[in-house]
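Chain lettering (A, B and C) follows the sequence in which the chains are written, and residue indices restart at 1 in each chain.
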Amino acid sequence: MTIASLTRDRLIGLGVLALLVLGWQLLSVAFPQEIVPGVPMVPGWEKVFTTTFVSISRYWPGGWGFGSVATGEQPGYFYALLAIIYHSSFTFLRLLVGLLIGSALGISLGLAVSWSAWGRRLVNLPMQFLRVLPLLALLPLFQVWFGLSFLGEVIFVGYGVGVIFFAATINAVSNVPDVYVENSRTFGASQWRTYRTVILPAILPELHSAVLLALGAAWSAVLGSEFLGAQSGLGYILVYSQAYGFLDRMFFIALLVVLFASGSFLIVNRLLGHATRWAR
Amino acid sequence: MSLDNNTLTKQDPALPGSAIAPRPSRLRWPQSFDPLAIVGILMLVALWYVLAPIVPHSALPPLHSVVQTMFEKFWFHRTFAFYGLVDTGFFSALIYTIENVLMAVVLGGFIGIVAGLVTARSSLARAAIDPIALTLGTVPILIASPFLLLWLGGDRSSAVAMVGFYVAVMLYTYAQRAADNLDPVYESAARTYGASRGRILRNILIPGTLPEILGGIRIALAGAWGLEAIAELLASQRGLGKLIESISASSDIKTLLAALLLLGLTAALFDMIVALIFSQLTRWRHTARLAVSPR
Amino acid sequence: MNTSPQIALDAQAVSRGYHRRDGAIINALSDVTLTINSGEFVCIVGPSGCGKSTLLQICAGLNMPTSGTLLANGKPVTGPGPDRGVVFQKDSVFPWMSVIDNVEYGLACRGVPAAERRKIALHYLAQVGLADVAQAWPRELSGGMLKRVAIAAVFANGSDILLLDEPFGALDYVTRHKIHDVLLSLWDESERAKRTVVFVTHDVDEALTLADRILVMRGGLVIDDLRVDSTRPRDEESLSEHEMVVLKRRMLDHLGIGHGMGRAAE
C-alpha cells in the first residue's frame, strides 16, 4: 500500500461523503412537500441547522432555573441546546451505567465460573441458550418486572452487556495458552495470584472485541428502552416526533445518535488499543 | 491438538499410501456432547424453581405452568382473538416472524456477501463503500426503525428492511474479512492452472471464504431475531413481537414468559440447524474442538 | 537429443524495481539476461533477498518486470497460464477439494472431459505414490504428501515448463530426500520429451542433487552459471566426487560462507 493509494482512498471516502450530503440536498429540493405546514418531509441542510434545530427546544422540560417552551418561553437555539444536553445526558447515563454494571458483573461471574473446570462445563449449555435469546425481545419482560424506571432501563442494558461479557470471559480464559499458566505455576504462584497476574491481562486482547460488541448491544438496548416507555433520552424524542410525523426532527436526532455512537466506538477503540498495546 | 477418529494418521511418505481405513461419512455434532451440559440445564431449571416461592408469583411463575401455557396457546387462544389480533395463537405469529427473519437474512445476506467479496478484491469499491459500512456498523440499527415506519408503513416491509439492513452490514464485514484472510496462494495457483475469473470466484473465493461467512450468518441470525421482535413490538399487526406487546400490556406474565420461551427455543433451534449445515458444508476444515479442556 | 535445443525461457535485461516509502527504488532484479533450453533442469540458488523468487514469479507471470522482456516458448509472458506450472512454497492444495479433484483441476479448467481427466490424474497420483488417498481431504495428509499432490497436479496439467519456488523447504530431511526421487522420476518420463524445470532453492546440496545447471544469484544479479554433468541418481557418494566438491565450494564462496573447506555432502 503506497502513500499515494492511501491518500487516494481517503479522498474517495470524502468524495462519497460529499456525494451523500449533496444527494440529500437534492432530495430535499425534489421533495419539497411538507408533512405539516412548516415541517418539510426531507429537510435540506439549510433547514436542518436552523428551523429543525430550533424546534428541538420544545423537548426541554424546564428546570435548572430556566423556563420552557411549554410555559411560554420563546423557542430558540438556547433552549434547543438545553434540550439536547438534557436528553443526551440521559441516554449516555443509561449507556454508561448499564455498561459498567454489565461488564463488572459479567466479567467477575465469568472469572468465577472459570475458576474450576467443572464450572465451565456446567455453565456452557445454559450460556449458549442465553446468548441466542434475543435481547431486544426481552424488553417488555424487564418492563413488567422492573417497571418503566431508570433502574429498569439500566438493568436491561446491564443484562445485555453482562451476557456478552460473561460468555466472552469464559471463552477468553479457556483460550489462554496453557504455557502461561504452567509457567506461572512453576514459579510457585498460587491459583489466585495466577488469576490476577497472568489470566487477567492475558484475556484483555480477546475481550477487546467483546467490548465493542457490548457497546453495540448497549446502544441498541438503550435506544430500545427509550423507544418503549422512557420519558427522556434521544430515543424518546425520536419516537415522540415520529408519532407526529416530524421527519425533520427525527433526522436531526438521528444525526446526533450517529455522531455519538460512532464517536463512542472511536473513543473506546482508542482506549482499548492503549490498554492492550503490548499485544501483537 | 486432538485427533478426531475421522483423521487418517499421518504416514511415512516413503510408504506409497498404506492401507487406510475408509472414512465413515456420518453427521457430526456441532459441539462435542458433554453430559455435564445437561446437568447445567437442569441446574438452571432448578434455579427457576428455587426462586419461584421467594419471588412473587406475578414475576416468576413456575416453569411447568409456563411450558403448559406455551402448549395451550399454541394453536388458538381466545384471549388473543379478544385483543383483536390477527394471530390467534402462538403458531401463526411464530410463522410470520420466522418468515420475516428468513427473508431478511436471505436478502440482506446476499447483498452483504456480494458487496463484501467485491470490495475485498477491488480497492476502488472498497474505498467508496468501506467508510459508509463502517459508520453504519457502529450505529444501532434500531435508529432506522422510526424512519422505515414512516416511509414503508407498519407491515412486513419495514421490519424486513431493517433486519435485512442489519444482516447486510454484518455479513459485509464478515465476507470482506474472510476474503482478505484467504491465502493469496490459492488464487495464484488457480491462475497458473489457467482458471478463468468465473472459475476463480466459484472454485476458490467462495469455498475458501465459506467457513468464515457461515460463522457470520450464524451470528447475524441470532441478532436478527431480536431486531425482528422489536420491530414487530413497535409497530406491527402480526408476529410474535406484536403478541408480546399485547400481552405485556395486560401484565399476564405467564403468557409473556411462554411467548419469550418460544422465541428463545426457536432461535436456539435455528442456530443448531445452521451450525449443523455449517459443519456439513465445511467437512474439509481443520475443525477445532469446542469442548473446553479442564485446567 | 536431436538438432539445436529449443529455448524454453528467454529473459532479456529483466529488471524489477520497488518503490520504497521515501521514494527510493530498490531493485529486486537488475538487468537479468539468461536463456534456459527445453528439457533442462535448472536450479537457482542464492541467499534470501537475492531475487531468485522474484525471477521465478516473473517467469510464472505472477509478477511483471519493470523493464526487459521475458519469452516463454517464444511467446511473451503476460500472465500465469497452464504452460508454466508452478509448485509454490506454501501449501497451495485447495483444502475444500479432495485430492483427486485438486490434481484434475487444471484439466477441468481447460474443459477436458471427466473420464479422461480422472484417468490422467490417477496416473500421476500413482506415480507419486498417493493413489490410495485420491478421495481424501487435504487436511488428512501430511506436509510431504501435500507436496506430492501439488507435484502430481502440475505434471497432470501437462505444463511444459515447471517452476518450483523452494517447494521442499518445510519438509524434514528424510522426506525431502524421498521427494527428490519422486520429482526426478516424473521428470525423466520416457514417453515424452523432458519438461523444462526451474527450481529455486537456498539449499546448495539440493541443487547439486537435482540440477543439470545451477544459476547462482546475488543482489538481483546472476553471478554464476555452473554445469553439473554427474549422472543421476546422485547419492552421497556422487556428491563427494571431486567435481561436485569443487562446484559446491564455488557456490559456497559465492554465498559468502565456507572458506574453501569442502564439507562432506550431507
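Simple rule for what comes next: a residue touches a chain if its C-beta (ideal position, glycine included) is under 8 Å from a C-beta of that chain, and two chains touch if they have at least 3 such contacts.
These numbers come from a predicted model, not from an experiment.
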Chain ID, smallest distance between chain and overall C-alpha centroids: B
Furthest chain, CA centroid comparison against chain C: A
Centre-to-centre distance between chain B and chain A (centres being mean Cα positions), rounded to whole Å: 22
CA centroid of chain B to CA centroid of chain C, Å: 47
Gap in Å, rounded to a whole number, between the CA centres of chain C and chain A: 55
Of all residues in chain A, the ones touching two or more other chains: none
Partner chain B, residues of chain C touching it in the complex: 60-62, 79-82, 84-86, 88, 90-92, 94-97, 105-106, 109-110, 129-133, 136-142, 144-145, 148, 153, 157, 174-175, 178-179
Contact set on chain A toward chain B in their complex: 5, 8-10, 12-13, 15-17, 20, 117-118, 120-126, 128-129, 131-141, 143-145, 170, 174, 178, 181, 216, 219-220, 223-224, 227-228, 238-239, 242, 245, 247, 250-251, 254, 257-258, 261-262, 264-265
Chain C contact footprint on chain B (complex, rising order): 7-8, 10-11, 13-20, 23, 183, 185-186, 188-196, 199, 203-204, 207-208, 210, 282-286
List of chain B residues in touch with chain A within their complex: 34, 36-41, 43-44, 59, 123-124, 126-132, 135, 138-143, 145-147, 149-150, 222-223, 225-227, 229-230, 233-234, 240-241, 244-245, 247-248, 251, 253, 256-257, 260, 263-264, 267-268, 271, 292-295
